[in-house]
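Below is the structure I would like to discuss, written out as structure tokens.
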Amino acid sequence: MEINGSRRGRRSGTPWVQGDGTGFDVNETDQPVRRHSMLHGFTLPLSPRGEANLVPAPPWHYAGDVIGVEFWTTPEAAAATLPPGLAPDPSASGHGTAMFIDWQFSADGQDYLDPVRSQYREFMVLIDALWQDTPVAWCPYIYVDNDAALARGWIQGFPKKLGTVHQTRAFAAHSPATPRVEPGGRFAATASTAAQRIAEALVTLEQPVPDAAKLLTRPTVNLRHFPRLTAGQHDKPAVHELVMAVFDDLRIDNAWIGSGELSFLPARGEELAALHPERTGMGFRASLAYTVNDLQVLDD
Amino acid sequence: MEINGSRRGRRSGTPWVQGDGTGFDVNETDQPVRRHSMLHGFTLPLSPRGEANLVPAPPWHYAGDVIGVEFWTTPEAAAATLPPGLAPDPSASGHGTAMFIDWQFSADGQDYLDPVRSQYREFMVLIDALWQDTPVAWCPYIYVDNDAALARGWIQGFPKKLGTVHQTRAFAAHSPATPRVEPGGRFAATASTAAQRIAEALVTLEQPVPDAAKLLTRPTVNLRHFPRLTAGQHDKPAVHELVMAVFDDLRIDNAWIGSGELSFLPARGEELAALHPERTGMGFRASLAYTVNDLQVLDD
Amino acid sequence: MEINGSRRGRRSGTPWVQGDGTGFDVNETDQPVRRHSMLHGFTLPLSPRGEANLVPAPPWHYAGDVIGVEFWTTPEAAAATLPPGLAPDPSASGHGTAMFIDWQFSADGQDYLDPVRSQYREFMVLIDALWQDTPVAWCPYIYVDNDAALARGWIQGFPKKLGTVHQTRAFAAHSPATPRVEPGGRFAATASTAAQRIAEALVTLEQPVPDAAKLLTRPTVNLRHFPRLTAGQHDKPAVHELVMAVFDDLRIDNAWIGSGELSFLPARGEELAALHPERTGMGFRASLAYTVNDLQVLDD
Amino acid sequence: MEINGSRRGRRSGTPWVQGDGTGFDVNETDQPVRRHSMLHGFTLPLSPRGEANLVPAPPWHYAGDVIGVEFWTTPEAAAATLPPGLAPDPSASGHGTAMFIDWQFSADGQDYLDPVRSQYREFMVLIDALWQDTPVAWCPYIYVDNDAALARGWIQGFPKKLGTVHQTRAFAAHSPATPRVEPGGRFAATASTAAQRIAEALVTLEQPVPDAAKLLTRPTVNLRHFPRLTAGQHDKPAVHELVMAVFDDLRIDNAWIGSGELSFLPARGEELAALHPERTGMGFRASLAYTVNDLQVLDD
């Protein structure tokens, strides 16, 4: 079967030894010198063949179905989630968006032929904010059900934790078991973490959206943050930088809008419920795709 | 939110007390009589409101996407899986079908608005056989990732165990992260149980199927089997009957056929690998839907 | 490695063909007769080698650690869960027990050498009741995280659904990461189903229990219930019988009692929260073990 | 219930705003200034109350049970996993150790009272190596079933991925369902990732170990590695440093040694099987505990 060859039969990432590429002699003792091989990969684990890394090097391609609901929490609750470098957007009045996404991922090759690794489900919240004078979307909380997605998230600055996320699907064969993508079609979504329900949404479709680009207009700003463990430096992270996501080749298809309902539920070890929706706005459902190969560091 | 009301705000099943419906007095002592309520439900747990049962009463509606591969194992291996009452199909020469299905389920109401319960994934094998002179398909092994699906399976005679099943999905937004439903589109599927991989498949699409009914022509025969635990009766099951599945309102849409690859992998506590495919035939991908409200007991 | 041989290298259960044991010819056509093999197993799937069945034949041996809390709900709520055949226990005043158990299972052989299959976690509620004039414990709700445990449950009449259950463990190496089994030691437990939290408990140890048998004095009564799917018979289950569990070789070791806290949380598709504890009594923690090889059918 | 208060009712980590602690004004436009709150936490997500972070600040306390097997792979295979900065240990001849651990974690407070978050299972391999002239143990591959453990791993330089790990447990109540901690007692362990089995072990106990410190003599060396995503810098990680773990208050109790069996199984996307054990040595089982509050960066 070609699954193996097409998907992982390549070295991903970069050898972590510079120079002539023949290996690096670290032996400083007078014991017999034994040259070791190079390790390959983009993330840990770096490994001899570069196939074991949790995440291969970009480009990272994503395709999925999203169910979303826009909402307004209190401006104070929204502002409380913002990191230094971002300011509340006075025009937003606590506006945010909750999205539940069924994703499929591929780096180069056809990773989607290993669905147990390449598929995952995501729940995220975006809060309107300002970076300098640019309207942006800040992601305070996001949950996925896959370790590779978790690791890609941290590298992008998305603050991912593991969760259990589900959304109603629409199947082509008509049945009482599936809504149709038509006016009145209803799609629900739920998210849980640590075996506690944290979010529920319901979208009722009204009409297709000819110009779907308006669904996602603000660039996403994240915080890359990687701590130090050295004693005395726990408050001096090794990486701590605001970044703006770069989504290439963004496509949105089959977009519909309608009404949306949304609730955030209190859960131990979570602060999502502090963003309690006071009211909701548009609900939407769409297919989307994009590629990640870069991000922009927002130096102050 | 209407999720709650629409989905579970009803009594499912039947009160397990006949008569005037006001409860049944079992108290035979001279203690004060305390009448208890009736329990409701189709499966355990029967409960006061009839909302806790793992499976509500039929009709059961299903919609899903299937990836399948037909295969030939040895006639001996195929025959070895058949129960008394079924005979090998001499014309089949060890022919069977492996299917991986992403399902969504609803009883009456819109259970699909509770996706964590209503969605599940399934891997199953069907083996050609004869019941009397009728060509049928016998299901020796089937795996799902959901307890309600497991219970419905047992009630239908499907020998379900828990497993982890995945299939490549096709999303509407074009991307290197998703195959297209077009000639050359490739879809993989995998199944595992007890954290061991047991099956892998790969389908490459060639052409749509105008008359998809030919994909699933044989009725499915199962064995309803529910043991006794009373000492001395462990070999005298309380229920042990061949049954033929009744699928109402069967619909197959967006069916494509092409080539298929398939492997069954050895695993502790499993016998699937004894059905090792010697060769494969058609691969297919389709959406399908049906309703279950009945089955036919095959009295000998 | 001997794991394989010792654990599954045997036929479990019984051949489902009576008579001379050489197979059964069901072919009534004039096609060439092909005799098939016998199938073996205690539950589905019956299979050629009898190794694939989800549950092998008894005896079933269990060992585990339990964290429990006794509680009182309203007598009305307790009574509402009872099936015909059981009456409320007037002396109990709504008394019940919640237990969270880390289990390890073996049939004959050393199944505990396949821990992914043999270990599971369970949360259950027992309600005091009367069968005729015998004080018994009725199990209205129970959750496990393993399909074999689920199937054994149904065969015993325990109304099991899948859930996620955890309890604090005590490790021998002293650390702030583990409570000690000593006065003041605190152990928590949680249960969830369908990604919703349904129960939480906290036990604070006070003293060891010399005579632990008093912790579990009432025999457990369950309802074996297996539905029919034939149209028109959905309310006429194939099996519907009260049974009394038979636990052989019951051992309770390292039992401690203390105070207990307990809460049941509302969840969609569940009715546990209707048993809301109005107050709690003793908390306890113990190791226990028993063997199941029988049950007693309670004919009316 | 005190679970909530004792476990998470505190701010963990450090406010990410220095200065007077009253918040930081980033608004450079002439819009009305709105001051936002500080974010707290050690890892992402940083949040208003500091309760949502996946991992709170150290100290991190661990207690658990380990099943381990020492093994010898080829010296070439062992050397191939080493990063620059480590050299093969000529005296080791491909020696390594595989360990399966049931862990319980607490930061300050009693996190073990939230067992769904604080418990996890781990499978890891350690390979003998030299750092300068110091014998050390290098961890090429490690798997856990919990996101917080994954994050702590990355911060320590352990190359963790998600996996499914199980080990036989010993319960106090005697039963055929549990081995005893005595000569001849047998304990198995298994590990899987992405629904593929990758490792199996079996330990047969022979005798207790009076001086258990000899079981774990080499300090562990890891590689902290956090990539950059900026285009053109994918091969220039933001963090890439060898570190030596610092385990405080190490305790090993109830240690037993005996014989060990071990196999590594090939799996897609994994390279563990390249460390195929050519022979095994001692098996062991023990309880262990330690605290992590520091690490040592190994500058070259």
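Which chain is which? They are A, B, C and D, in the order written, and residues in each are numbered from 1.
Keep this in mind: contacts are C-beta pairs under 8 Å (C-beta built on N, C-alpha and C of every residue); 3 or more make two chains touch, one makes a residue touch a chain.
Keep in mind that this is a model prediction, so the values were computed, not measured.
Any chain touching chain C that also touches chain D appears here: A, B. Fitting chain A to chain D on C-alpha positions gives a rotation angle of 180 degrees, to the nearest 5. Across A-B and A-C, the chain pair carrying more C-beta contacts is A-B.
With each centre defined as the average position of its C-alpha atoms, the distance from chain B to chain C rounds to 25 Å. Work out the mean CA point of chain A and of chain B, and you get 33 Å between them. With centres taken as mean Cα positions, chain C sits 39 Å from chain A. In chain C, 3, 114, 116, 164, 190, 192, 195 are the positions where the chain touches two or more neighbouring chains simultaneously. The residues of chain C lying in touch with chain B in their complex are 3-4, 7-8, 13-14, 16-17, 24-29, 31-34, 36-37, 39, 42-49, 51-52, 54, 57-58, 75, 79-88, 90, 114, 116-117, 130, 132-133, 140-142, 146-147, 150-151, 154-162, 194-195, 223-227, 229-231, 234-235, 238-240, 243, 268-272, 274, 292-297. Contacts from chain A toward chain B in the complex involve residues 1-3, 61-65, 102, 104-106, 108, 110-116, 118-119, 164, 166-169, 171-179, 186-190, 192, 200, 202, 249, 251-254, 261, 263, 287-291.
For chain A in complex with chain C, the residues that touch the partner chain are 164, 190, 192, 195-197, 267.
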